[in-house]
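In what follows, structures are represented as structure tokens.
Okay, so subunit A shows up in both of these, paired with subunit B first and subunit C after.
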Partner chain A sequence: MMAMLEMLLRLALWVLLAPLLPGIINRVKAWVAGRRGPPVLQLYYDLARLWQRGVVLSTLASPGFVVGPAVAWVAVLGAALLLPLGPAGSVFGFPGDVLLMIYLLALARFCTAWAAMETGSAFEGMGAAREVSYAVLTEAAIVAAVLSLSVQTGSVTLVTMLAPGTGAGAVLLAAGLFVVLLAENCRVPFDDPNTHLELTMIHEAMILDHSGPPLAVILHGAALKLLFFAVLLTEAVLPVGRLTSAAAAAVLVGGVLVVTVGVGLVESLLARLAFRRVPLLLTTAFLLCLFALLMAWKGGAA
Partner chain B sequence: MNETMNLLIGLAMGLNLLALGSNRLPTVIRAMAVQGMALGLMPLLIEGQLNWRVILVAVATVVGKGIVIPTLLRRAMRAANIDREMEPFIGFVPSLLLGAGGTIAAVGLARLLPLLPEHAGSLLVPGALASVLTGFVLLIGRAKAISQVCGYLILENGIYLFGLLLIHSTPLLVEAGILLDLTVGVFVIGIIVDRIQRAFDSLDTRKLTVLRE
Partner chain C sequence: MTPGVLLLFAASALVAGIVAGPWSSRTWLGLTLMATTTALAAALAVLLGSADWNWSSTFPVGGEVLHFRLDGVSALFLVLLSVVGGAGAAYAHEYWSDAEYPNSALRGRAWWGGLVLSMAFVLLASNGLHFLIGWELFTVCAFFLITLDRQNREVRRAGWLYLAASHAGTVCLFAFFCTLAARTGSWELGPMREQSGLAPLFWLALAGFSVKAGVFPLHIWLPSAHANAPSHVSAILSGVAIKLGIYGLVRFSGWLPVPPAAGWVVLGLGAVSALFGIVFALAQNDLKRLLAYCSVENVGIILIGLGGALLGAAQGDARWGQLALAGALWHVWNHGAFKSLLFFGAGSVLHATGTREMSRLGGLWRTMPWTAGLFAIGAMAVASLPPLNGFISEWLVYLGLFEAAASRGATAWAALPVTIMLAMAGAVALATFTKAATVVFLGAPRTQAAETAHECGPFMRGTMLLMAAICCGVGLAPLLFWPAISRAMGDWHPAWANAAPPAALPVLGSVHLALAILMLAAGAWLWRKVHANGLRRRLTWDCGYAAPAARMQYSGGSFAGIAAGWFFWLLQPERTSRRPRGAMPGHASRIERIPETVLERVIVPVSNVVMRGSTAVRRLQHGRLQAYILYLVVGLIALGIFVLIGGSP
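Showing the complex of A and B:
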């Protein structure tokens, strides 16, 4: 009963807090640009409004058009539930759950791409192709990061794995994971979430034809993914698991806030990269994680 | 002390990769200059106690590699009026991967070498091997003469790093000679770059292989 209650509480926490992050990012961007900006809770209003709208369905679309976003949302939420929250641990951790986490993220991406292709429009196909081709490189970086954590701790369980080392390895891992976060969530150097120019957008191109509740689910899923990666990054770098509950909660919230403000600053200060330069940056992220792995391996052997 | 040294060498290894991945000539020159300065501080760390000889070597290296040579290169770049984008023979991603693979291989290889116990834990040998390899990749993989010079200088940084293993037995005169050679070399290359530019209207070394009457 208690476990059930705890899980519900965590679900509510993830679901309710996630839309806050894009709001904070927009606030930071507005602050840097000297504008007043939208309210922090804007995404909540958007989601509520979208939920009440009807859905426009293409005659071409199979049920996958609606099922895809739903499955993707559930998959991201599942991956989020696998993450341990500091000393509280995870709800259903088991040996090897990190693999399930990676596959759930991949499943979410597959479903978003699938739903995008369902419309039969060329733009969605293009967006999906771009998203997936970037994903190949980011996944290599994630796998390298996970390997470095697992070599460091000699474990493949998330609860024990997220006990970060210190020094240069942690810095490399943080930098690599931050680039992965930017790429996975389609933030600025890779994709501009504000753009509506068909030829340059990636994530936005995929969801052009979605409307109403499915669009709300996709937007919420994107926010959830952002929160998921921010928490993962914080826990991979700071020893959250060894603190007391109150301190861990403070560190987690602080870490996520720092990451979010960092994303906002990157977004305000950098221009997006030309398409042909993107693989280079993603390769750099992969190499950062790879060198973190090297440090972990060398440190473990010495 | 060893920690600080490893940090500096790690920085140099990172700068290697930056030089390999960057498509802008000024960035490569800056990476090379910072690397030279970081490595120039190494004798101070290795020696421990300060004597005038070590300080002289360190100051000469930092000034030579960090200020004089980059200034010469920038001047050559400005005089020859070349565009800053580089054209690679080996693309940026492949050369980055080559460099990273080489760095990892160097770290792996250095564990197998029969080193003195005081050098076993340090990154000196892997850093040297990685820099030499990076220099080679830049020399082979870039078309512009100036980026090839940068490759040559990074290669020399690697050799310098290797030479630090012998710092106790190398006379000051040898080190000063190497540094002087290097500066003169870059000076000469600066002149040659200017000549190439005048004769061919480009610094693309691919054009040098075509015979003309």
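Showing the complex of A and C:
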């Protein structure tokens, strides 16, 4: 019973807090540009409004167009629930849960790309193709990062794996995972969430034809994924699991805030990369994670 | 009833089916289904019961006494053969019917029975000579099934390539079994792990069985044979026939001692097959060729698991070896299930539209909703997405690799790069099957044929439903299947008998179940919400473009273009393009073809050189007697000189 209650509590926490992050990013961007910017809670208003709206479906779309985003949302939420939250641990951790987490994100990607291809529009095909192609490199980077944690702790369970090392390895891992976060969440310099040039986008190009509740689910899922990666990054670098509850909560919130503000700053200060340069940056992220892996390897031998 | 009685009954039903097949498709189907069901029962009795079935007669065949043995390993493969053999027969009853193929349907039924029978014979044979006889029979039966539609030139070429490549592999197997018989003094097969002198023979077996299994770069026969065979034949080729290559590797790496390097080589071959196979799959435009190359990838995953198991067994029976072996054996089943499902789906598309080219399809979900939905399940399973069966076996293989890496032993050096390659292969597989499923079934129909497609009938749909149910069932309740896997593991390596399931497996199963229920619930809820809010159907918005046409959709080639571009050094695409020129451009085109690189860039040039050399040498043989006498005289004089200057002949 308690486990059930705890699960629901975590669920509520993830679902309710996620839409805050895009608001913070937008606030940071506005602050750097000297504008007032939208309210931090803007995404909550948008979601509430979209949830009430009617839907225009393409004549070509199958039921997968609506079901796909729902399945993707459940998959991202499932991946988020697998993450341990500091000393509270995770609800159902088991050896190998880290692989389930990675593949749940892949399932979400499959469903989003499926829904994008429903409309027969070239823009959305382009977005879907980019999404699944760049994922090849990000997947390599994520697995290298996970391997480095696994080699360091000798474990394949998220709860025990996320007990990070210190020094150069942690810095490399943080840098690598931060680039992965930017790529997986389609932020600058990989994608520009604000642009109106459909030809240059990834995530936004995939959801051009979505409206109403399905669009709300997609937007919420994207925010959830951002929060998921921010928490993962924080826990992979800071020893959150070894702190007391209060300290851990403070560190987690602080870490997520730092990552979010970092994303906002990157977005304000950098331009989007040309598409042919994207693989280079992703390879760099992979190499960073690979060097973190080598550091973990050497650290254990010494 | 003992497995022996069941198997005897199954064999007689199959023979009766072969005899009755040409006259009545229904009788043949009934007999084949009866045979495969009883064979399945026999295999399950061994897998879930305890004792092996061992039977030898005094009755000699080819000078050797018949000896059959059904243990865990062969029963595991026999289960796969029975399921796909039965399902494929039901599919063929409708797909390759008498009405559509009056000539070849008769032959097809007889050869199908022969193929299932000879494959079962290979699995049961416990004598080297009989193994070879069964192997040859099965190769020949498969050849005649591949070339059922032999009026077509492409089909004949694919058949010959298959036959030639298979026999190149069989040469190695001849050498393997003959040397084995010479060293042990008997054709009898069985566990002989103590005779360490036999270890080098493993390399011969690896070469021979890898050709059949389609391991990169020995896979050259596989894409064209799978693409050109009728779809039920592609399903059994990919689901079962190439697995017999795996069976050979598993069987003889378990029974015979292996050289110390075996695990490393198998692991490396697996990683290369997995990544390169799926990269080739991504670049294909032919739906069935894409599926065929994906088989190369999955064989790679199985070999990664087997390589891990060999290393684990060599290094003190490490636990990660056990996990990797479980993943490999389980993936044999899982790949059999989802790949037959996908080939059945592709066959249904081919049947309805007459083309396998993805650039001519599109929007089929409207006319073929069952095929579209079931193909999507297969695509998710093959991309090893949770909560389906592909994830279970790939998860076990990953777990083995991760634990090997975390143990920091010598194996970790191999486990790290292999894990990263496997992850990349997984991501490319996702891209490949997103492309295959969405370009074929979603969007607008690209041609008239795709627009007027029709759903397949009850038999084809039923077999696809069965395969999809297996994919879901294994994913949602993996624990039910563990005893069978564990039984086979015990027969491969006695120290791993009665292995307990990994503690995480039941948890993973229940997480899968919960996820599946949640996903269905969320999907249904959103669907209802959308309808409650009011739903209008309009033209695709497409940023306001008012006249979208089907040919303006993103094509499969463009979809794969980004990732395939990173591998151009491997794919070596051939491009011919005519650019639009001038103010009023006329006809312009761009054609891209992905060659079978290993075959066209390596094997064909090398064999051309060999052919040219032999043609040149052939000029010496012309039938003029005087010249032959001259050769003799010159040869004698040369020998004489050789002896005179002090050489010893």
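Following the convention adopted for this analysis, the second predicted complex is superposed on the first by the 302 of 302 C-alpha atoms of A that agree within 3 Å, B and C clash if a C-alpha of one lies under 4 Å from a C-alpha of the other, contacts with A are read in each partner's own complex, and residues count from 1 in each chain.
Note that in this section a contact is a pair of C-beta atoms (placed from the backbone, for glycine too) under 8 Å apart; a residue touches a chain by one contact, two chains touch by 3 or more.
Because the structure is predicted, anything quoted here is derived from the model rather than measured.
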| item | value |
| --- | --- |
| Overlay on subunit A: subunit C relative to subunit B, clash or fit | fit |
| Partner chain(s) touched by A:298 [first = subunit B, second = subunit C, both, neither] | first |
| Touching partner for A:52 - first (subunit B), second (subunit C), both, neither | second |
| Touching partner for A:162 - first (subunit B), second (subunit C), both, neither | neither |
| First (subunit B), second (subunit C), both or neither touched by A:113 | second |
| Touching partner for A:60 - first (subunit B), second (subunit C), both, neither | second |
| Which of subunit B and subunit C A:280 touches, first, second, both or neither | first |
| Touched partner set for A:214, first subunit B, second subunit C, both or neither | second |
| Touched partner set for A:259, first subunit B, second subunit C, both or neither | neither |
| Residue contacts with subunit A in the superposition, subunit B compared against subunit C | C |
| First, second, both or neither for A:94, with subunit B first and subunit C second | second |
| Minimum distance between Cα atoms of subunit B and subunit C in the superposition (Å) | 10 |
| Subunit C-contacting residues of subunit A that also contact subunit B | 279 |
| Of all residues in subunit A, those that touch subunit B in their complex | 168, 277, 279-280, 283-284, 287, 290-291, 294, 298, 302 |
| Subunit A contact footprint on subunit B (complex, rising order) | 7, 10, 17, 21, 23, 92-93, 96-97, 100, 103-104, 107, 121 |
| Footprint of subunit C on subunit A - complex, ascending | 51-60, 62-64, 66-67, 69-71, 73-75, 78, 92, 94-97, 99-100, 102-104, 106-107, 109-110, 113-114, 117-126, 128-130, 132-136, 138-140, 142-144, 147, 150-151, 153-156, 198, 208-209, 212-214, 217, 279, 293, 297, 300-301 |
| Touching residues on subunit C, where the partner in the complex is subunit A | 362-363, 365-366, 369, 372, 376, 380, 383-386, 391, 395, 398-399, 402-403, 405-408, 412, 416, 419-420, 423-424, 426-428, 430-431, 433-435, 437-439, 442-444, 502-504, 507-508, 511, 515, 518-519, 522-523, 525-527, 529-530, 533-543, 548, 550, 552-554, 558-563, 566 |
